[in-house]
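Input: one structure, supplied below.
Naming follows writing order (A, B, C, D and E), and every chain is counted from residue 1.
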């Protein structure tokens, strides 16, 4: 069993929250053995959150205690997993991807989130410090909403709901950035815009890679017949499923929009080029023939009768003016001016 | 329970229409409690229309009275819902999107429409003032068509039919705008055209986002076995389903056409550029060599025998003319002229 | 019940043909009531053809007599229907699109064709004068082929077969026009070609919009279990289904080809532009430096020793020639010449 | 019954091979009536090969003798059929397309191949002279491989296998031509390359049109339950099915590659254009300002003090040189040089 | 039976490893007959690895001994097979493609890998020397992991897992190369980049061609009911299936990214061209009119009063400066400067 992925925190940390509708006890940063006693209670739900999965020994101890399949353990320490759900006799194993917009790197950070849903226990595994679930903890502590009155499967649903809600945040960020570029490229297309579109496409692609299998996972849970899921909670999973479809809808729409923006950018650029070329052509086409005429009368031939005509100079100026005006009219007819 | 979305009207307003084939009573802008008495009657259909869903308290009162699931209430006050249908034991919950072309902003406005179809009652929830259903109200009042002789499910069908009819209007508007741009881009492609195509693509995308799930919704209703639907009315739902497919067909066709218009625009632009470049090339290629010759005989060398030849000047003019004519012939051969 | 669509003929006209394997009677332009007597016979097939569906009263009279569902009547007078088939207890209702290439407008005309297939009767509704079915009438009159020996479902099949055969004609026309453009764009791409491709794409799109649902319709009839269809005739419907797939195959192939032609056109145009630019660049790059040299020795400085060198002029000419030749060699090396 | 298609040979010709594991008799160019005696034997397989299907009378005689459905006969004389398989009570009717690369026209020739597989008889119909099956005849005569020991269905399989093998040959030819163009377009894109890509795309499209339905046909045969197929031979049909998928895989890959080549071609062209433009811009930008300076001092004003400065001329030359060098440095900084 | 493909090694070589949880015996480069004795044991798993499949005789001997179907033997000596799995009564026949990045040719090498999974025996056939399985051999020898305690199907799984792991390596290589090109094309697009993108697209296409059928193969094995597979090992096949989907996900993502890179490249190039054209236009547009003015006063007319004005020269210089400055302002307003 080997840890696969990037190590994102110093040392793993285990937090436990044990609750039922009447009471809640919370212990932070405990030894892994400590948590086993609490998880046994049948009358309360135990949520064991592990931040940092690179300590293979810790995962093995947990696996042994909760009777996890060796394959599950291997998947837990592999953070490059694809989102999936696997049904085992006594638990459900769920892998999802948390997506967060990183305002420093202007890219989307992906974090692996694994959940084990047992009869009265939920184990959640994060690569990083688990502050993404802070709002959920707060709701548990303050006894807000339904969560304290429900079983472990509702806790798992809430955790996954939090993950999916983060997708909407990431999509909103992308939407804002798209809006910002959108009008600019029609008026004044710049190289930096194509770069931004390029990076946005990447972000949308990684969201897409997380969102499609996520939908499958939630669908499989909703359709599943696992004993750890309560039939009366189907409506929540269905709602989560609707959200995941909405995420996909938005991701696909942004993909389409970004593709269209690229086309628009190219058209804008072509338009610009056209305008530049017209300017060059008009100025060149007017002055190059005139310069030629001036060149002719700048020749030093001894025998050039025109040079000695009293109105020669003014005549040539008038000819030049006439040619210039004709060309301007010609270009205006062609609607280049 | 929190309201999600943009608040589009000042205060919510509740209108009630109660009818059967013999009589119709209508009350506008009532207190929410008032409406409960009327909705109880088994011999008439009650249509409760709520304009503005941001008053969470109002929605909760309604939900309590009509026995709506908490999840339904949450969905009612979330106007960013995706179109969907959910079957509950005593009612059907339907979410759709009303699309209207806004002639001021030249964009398509999207409004959330939720329907609750119970045994003898239909609740409709709009974000805005509900004038989109005015024609339906008129038909009810004037006892036109079948509607007064049918049950609540036919009323729900009529409401959804109205929504889908609005899609056709929006599509027609898009079609008209496409026609307007279409010929222009072949003759005289302009930057503003690409902008229009850009915005039209957006409009088609948002129509598409509403139309596809709408089809699924209607299909699910038609295939569904809910007790609030009468089997004899299947033919109407099937007809509505056909309409929704027609909407999708047209949307996809316009998507294709817009994609093609972009290509045509780029080709037109390239053609233009080609013409501009040819003009520049022809004029430059003819006069630059001639100017060079003039420049040569404008040099001030003391020893330039040609300058003193009696026919030097006229000879050079003839040479220049010959070169010019040759170049014109050359370009004509290349079909550039 | 309102007529929807464009009115394509002055007044509706009803023609009746009644036949069995032994005899055939034909009456043209009859009163609608007249046709009811004939349609009753059990031993013959009655084909009632209605040209022009804008007379709502006529349709209603027919509907009443033949027991058509109100929804069917609404669909009959709506010529913007999507192709579909609907099974009713005593009849099949089929909507198709007739496609005909209009050699005047160089576009494809679409006409709505509705069929009602009853036990011994076929009603066909056309928007226009029904000359598209003339060849079929001729076959009936002359007792050619199987048609006189078969039942009403075979007549319906023959009518639909005629419609599908017209698709092949329209596709052939498109194919011919594609061939005509195809070679031209490689040799000499013109603005009018892109216009033609543009219109051809539209035609293919409208064919596509008719052909795909047409396939579904025929498939539904073949798979259907309606009492008005004879099992022994399945082989004909299957054959018609194969034809409809062939139509789709060809339409999709032409779509691909047209997409590719657009790309080829753009490439040809780019190639042209490249050639134009090369010409400009070669001529400019050769003569602009030479003109500069001539300009230098055209300066009027008092103290320019080269001007007084006896071989100055010829030296400069040789230098210019050398530079010119070097540049030509340079461009030849770059394969621009 | 009318012959549809192009007439590819003078007069039809019928060849018969009758064989079992012990003996083989072969008769060429027989009268159609002659062949009926042999085909009756239960202990041998009779292969009747008809080259040229435009003789409707011949086909009718065959059809009568072997009890073919009228629809089958119509399909036999229509060479524009789409590949398909149809199951009739006593025989299977199979239509395929033979694809052959024609080295003269550099295009792919398509030929219709129809097979009728009966209990102990196989009828094959070709448009042309049947030399495509010569290798199979040779194998039969020399008793090579399994074929002499198997029944009629194995002969049909062998005929179809021969057809599919020809697809691989055609694909290989396309692959070779693609390779030949591929490297050229990166180094030296020419107009003829885009023409070649254009024609290759057409060839791939026609291969595609034959290969996809061919897969369906073979799949339908493999899955079918027709009495003329032996269950123990399923493995051969499965193998043929794998081949047909491989054909599709390769065709789709080449389609992708050709699409990519077009993009690469356009990029190469743009690159070229860029290079051309840079050359023009550098030379023009350097010499046009210098020519202007020379022009200034070529003016004939009486009062131009610089002209009389002793070092004026050399000063101007130095200024010109400085400007030239600065511009070169500027372009080098921009990486244009 | 004929060998199809490229001969990649001198002479075939057979290696045998026989193991159970207690002991392991290994013999390298044995005679083919030698291996039959060992493969019989029921209490151990025998892995026969054949490097080089061009010796048809060797394959036939093996086929005879292990009772392989003639079709399997034909497939074994055809290295152009498409990945597939076939179920025979006593064994499973699996074909896969090994993909390896060749750092010399900078392309992906494809090698055919065939597996025969019997009751206690696995035969693996490679085209080349089988060093790709060295790590697996090492694990067997050192008794690491579960492999020594499992049956033959786990060995087959491990072999296929090794193949799929190599896909990840190849994808990683492609990813690295994409990263390397990605930033370059935004800053400084070069012809070599488009070449690299071109080759990367090819590599991704060949990976795709191997990965999609590979997924089908593993899915078919997982879903299959073959007697040689143990039900308790389903979890491993499911895991392998997840890996194969991950491969496809990544391949499709890279395909998308490469498509996008091509677009970005073209945009970058257009941007460049635009910049080049602007430079040319600005310089030409400023100096060509000025040169014309200088040309006018370089004419040699006798009667040009301006030439004799005392401030004529300086006046003209000021006029020129003014025109130049106006044009610079004009271009700055257009944001070209």
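One rule holds in what follows: a residue touches a chain if its C-beta (ideal position, glycine included) is under 8 Å from a C-beta of that chain, and two chains touch if they have at least 3 such contacts.
Bear in mind the structure is a predicted one, so any value in this text is a computation, not a measurement.
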Review point. What's the fewest number of moves from subunit C to subunit E, given that each move must go to a chain touching the current one?
Key: 2
Check your understanding: How many angstrom between the C-alpha centroids of subunit C and subunit B?
Key -> 26
**Study point:** Chain centre separation (subunit A, subunit D; CA means) in Å
**Key:** 41
**Study point:** For subunit A, residues that touch 2 or more chains besides their own
**Key:** 266, 270, 273, 277, 280, 284, 288, 291, 295, 298-300, 304
Review point. When you draw the chains as points and link the ones that touch, which shape shows up: line, ring, star, complete, or other?
Key: ring
Practice item. Name the chains in ring order, counting from subunit C in the direction that reaches subunit D next. Key: C, D, E, A, B
Revision key, fill the gap. Residue positions on subunit D within touch of subunit E in the complex are 146, 186, 235-236, 238-239, 242, 245-246, 249, 253, 256-257, 260, 263-264, 266-268, 270-271, 273-274, 277-278, 280-281, 284-285, 288-289, 291-292, 295-296, 298-304, 335-336
Check your understanding: Which residues, counting only subunit C, touch subunit B once they are in their complex?
Key -> 69-71, 75, 80-82, 84, 86, 188, 191, 194-195, 198, 201-202, 205, 209, 213, 262, 265-266, 269-270, 272-273, 276-277, 279-280, 283-284, 287-288, 290-291, 294-295, 297-300, 304, 306-313, 316-317, 320
